[in-house]
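One structure follows; several queries about it will come next.
Think of it as A, B, C and D in the order they're written, each chain with its own count starting at 1.
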Amino acid sequence: MRDRIEIYDVLLVVTLIGAAWRALFGKDAFSATVFFIVYGLLMAMAWVQLDAIDVALAEACVGAGLTGALLIGAVRQFERAPGARALRRTMGLRASIGALSLLALAGLTASLFEIENRRSPVPPLVERSLGDSGSAHPVTAMLLNFRAFDTWLEIGVLLIASLAAISIHRLYDPSPIEGRASTAPTRPRLQIQSQTQPWIMARTLLPLLILVGGAMLWFGSHAPGGAFQSGALIGAAGILLQIAGGRSALRLSSLRTRSLLSLGFSSFWLMAAGALLAGGRILEYPPASAGAAILALEAAATLSIALTLNVMYACSRPWGPEP
Amino acid sequence: MTRDLALTSVLLVPFLGVIGTLLLPERLRRPFSFLVTTLVLAAVGALAVSLRDAFRYEISGWGAPLGIDLHVDGLAVAMLLLTGTVAGAVSAYADGHYRDGSSQKPAAGFWPLFFGLWGSLNALFLVSDLFTMYVCLELMTFSSVALITLAKDAQALRAALTYLMTALTGSLAYLLGVAILYGEMGTLDWTLMSPVPGDDPVAWMALSLMTAGLIMKGALYPLHFWLPGAHAIAPAPVSALLSALVVKAPFFILLRLWVQVWTDAPYASHVLGALGAGAIIWGSFQAIIQERVKLMVAYSTVAQLGYLFLAFPILETAARTADQAARQDAWEGVIYFALSHGVAKASMFLVTGLVVQATKTDDLRSLRGAAAHVPAAVLVWGLAGISLIGLPPSGGFIAKWQLLTSAIRFGLWPYAAVILFGGLLASGYVFRVLWYAFLAPDGSSAPKARVPAVMVLAALFLGTVIVLMGIRTADVFAVLKAGSPFPTVGAP
Amino acid sequence: MIAELSSPFLLYGAVGCLLIGMGLYSLALHTHVYRRILAWNALGGGVFLFLGAIAKRNAYGGSSDPLPQALVITGIVVSVSATALALAIARRLQTEERGNGA
Amino acid sequence: MSGMDAVSSSALILGGFFFLAGTVGLLRFRDVHSRLHALSKTDNLGLGLISAGLILRAGSFPAGAKILIIWLLALLASAVTCYVIAEWETNHERQDRNL
């Protein structure tokens, strides 16, 4: 728990800002995406420096990894779009926007100095009630017990986003577009045959990803880890299959897919209703079985997060699977 | 005890609706959604009846700074009542709208998103944690965006994308404000941070960021560009939900912040008031010149939201006067306006949907002779118009009367003038539609399709609610008294 | 200046603010939806870094404040689902418009 | 004990040098193939040296094993990426030549 700024921090910050600058203002959309992934990974390093290992894992798995996969999957389509490169704004407007951003930057940094020595009453509270929260790790206890309602709504957001992606995919059915073969979008740039290297990579990485995902889920109870990170890892395994295998076997609107998608959300619902029936309040776990309840919720959430991320990846690529 | 049961079922049952309509087979979906709708309406009614005073409910048993609390007071229950009424009517309407075979695919997508939206709104109105409000806002935005894209049209995709990008930027600004507040106050619960010192610059920056974000999401005048496109292109039941409820959620959070947390904001609230006045004039003018009925109603939403933002300067000066009765009147007037506008706007969009279903286009000229073909629809349009203009038998009249008297009582003459002028402008577009509707139907208009009865019933139900709100106002005001920020000592 | 910036809280908080400024500038500058999605993600990253800096400042007993960390994890998952939804819509819009245009 | 530290720091410095060589190669060479060649060779060796140095410094056996796994995964990833880029490049060039 260092509290000094070291040379490594300064180097990390400079490269982080450089990568972000290239990602935001780079000329070519594809290189901007690549630098965006570099920026995401550097951000994960920054989180390690801030002693927030859970967030570093989440940023690396979800922020850089899966957002990067989604962006790479979609960028091929936008490269030829006229706007993708040009910075089309008149000079006066750019100056005023620049002034506004500088104002925001200055105001925010000033507020940092203002609130530098204030402290929050929450950490001591967490320390005291960690005992009967069912998890030895404060962040997992915060996510799954103290603010369990937040996490439930969070998984609701994921569920609604994947339902939206599926309904957009089914309503604006790809078949009529692909029907017009002549104007179908050109073949993806990285032509991936399923028998070559990526398939070998997928085959070797698949067991490792699922193993590490499972371990991450188990670590959640006493060390940095948890449902979101392990869901992202297992989801990454599925996406790797989609990349290497081209067309995935994901049947979007089958009952199996829908029930697995809503597994996390409905398990939270059952836990909330169960707590009510047991006489407590919504999502109030009895201290004795809080650990088991948290693990059950996390396992269910991991499965539906993994499938949700696969569905999102499938729906944001030109070669989406058949509904 | 029934109070807690009602409260928990208001939160849990809509989410059960999401899971059920997602997993149940086709034929079970309609009865199940009907059951869930009635259950939630019953729960909201029970909560409203059993509400004596504001109370708190700790979710998962931990206290406020650590866990998340529900703060149930008159304002929250009033908004729950509005959400319940509008969602109930919209669910009946949607049942008819999606019954014919052609739109089978969107029907499957509509119901889980509808209950997701309803659940997120219920949670947002009840919860007292600013970050949980952020997650509810996101859940609400994603459901609304997905509902807009059900219109199966490239225009709907464009409108949904503009709405999504604007709403996301707005919610990030709001999140940054919450982050600064947490950094400074050490808690995320607005009831714990209530008396914010007026001279603290960091708190002011947090408030301005949150307000900027919520104004973008609530489509106040200069940042409303995404609303007309999205609300006009969406299917009728969806635009009713969007205009009546979704734009009210950011206003609800602003009301909490400006009236109950930042108590003394003398000059800043007049900025909101000025933007509100601009919205009324500009929005009403735009609505009058529109050729498509749906766009007209969407611009009317932009205008009527202006009235809501007039509330901030009025309530600000109210907070400083000693006269308790005047303060409570202003408070009740503002909330009653939100309720009456919600019901009136929802019924207007449902009526527009009926007309579009009958005449297949929503162009104003195709309305010729609509009174002959769908008389009930035109009747409900008239009632909603009365409420928007503020004529006696409707809820809108009571609300505008309270706002007007408060504005005059506190000497805010410009706002009083704008309130009156807005009513005049509103009559402009309301009567324009009525004028076309009552014209003799010329032979050229296309043969009119038959409209399912349940859709007309839904519109009529909202019409009666408008009139009831004009007559039996005492009940709603009694609910509003619970936990109001301007308690009137001794009043029942 | 370096002497004042003693704790990592101020350094990473300032970096967060810088990212917010850059993200805002890029978001307002670009008109194409893909660049705006990237800008929006950078803006979100800045806000989360700001929260992380506050977590580091509130450190208690050897570990940083778990509340902002939980907020940031939730925020990251919200931004990935927002990105996925925006990409799904934008990609369909592109196909529809090029479909009609061609 | 200082012998171990000396060995690990020299390995780290050597690894750093190989990365430098790889970057210079990336900037200097003209076409994609030779760039890929330069990059994959030096970076893998550089990373191998750095991870060897770190393993020597790593406190416990599991930590060392993890660093080794990281190196193996990096090898797999760079091999596959270089192959895919090279394959796309040759297809691309063959298309240009055919046009």
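Worth pointing out:
By our rule, a residue touches a chain if its C-beta (ideal position, glycine included) is under 8 Å from a C-beta of that chain, and two chains touch if they have at least 3 such contacts.
Please read these numbers as outputs of a predicted model, since none were measured by experiment.
Looking at the partners of chain B and chain C together, the chains they share are A.
Set against one another, A-D and A-B show the most C-beta pairs in contact at A-B. Computed centre separation for the pair chain A/chain D is 28 angstrom, with centres defined by C-alpha atoms.
A separation of 58 Å divides the Cα centre of chain B from that of chain D. Separating the CA-averaged centres of chain A and chain B is a span of 31 Å. Looking at chain C, one finds that residues 20, 33, 37, 50, 54, 57-58, 67, 74, 78, 81-82, 85, 89-90, 92, 96 touch two or more other chains.
Of all residues in chain A, those that touch two or more other chains are 108, 115, 118-120, 122, 126, 147, 150, 154, 157, 161, 164, 168, 172. In chain B, the residues that reach two or more other chains under the touch definition are 131, 135, 138, 142, 145-146, 149, 157, 176, 180, 182-183, 186. Going by the touch rule set out above, the chain pairs that meet are A-B, A-C, A-D, B-C. Those residues of chain C whose C-beta lies close enough to touch chain B in the complex are 20, 27, 33, 36-37, 40, 43-44, 47, 50-51, 54, 57-58, 67-68, 71, 74-75, 78, 81-82, 85-86, 89-90, 92-93, 96-97, 100. For chain C in complex with chain A, the residues that touch the partner chain are 2, 5-26, 28-35, 37-39, 41-42, 45, 48-50, 52-67, 69-70, 72-74, 76-85, 87-92, 94-96, 98-99, 102. The part of chain A that touches chain C in the complex is made up of residues 1-5, 9-10, 13, 16-17, 20-21, 23-25, 29, 32-33, 36, 39-40, 43, 46-47, 49-52, 54-55, 58-59, 62-63, 66-67, 70-71, 74-75, 77-78, 81-84, 87-89, 94, 97-98, 100-102, 104-105, 108-109, 112-113, 115-116, 118-120, 122-124, 126-127, 138-139, 141-143, 147, 150-151, 154, 157-158, 161-162, 164-165, 168-169, 172, 174, 176-177, 180, 182-183, 185, 226, 228, 305, 308-309, 312-313, 315-318.
Chain D meets chain A in the complex at residues 73, 76-77, 79-80, 83-84, 87-88, 91. Considering their complex, residues 189-192, 196-198, 200-201, 204-205, 208 of chain A touch chain D.
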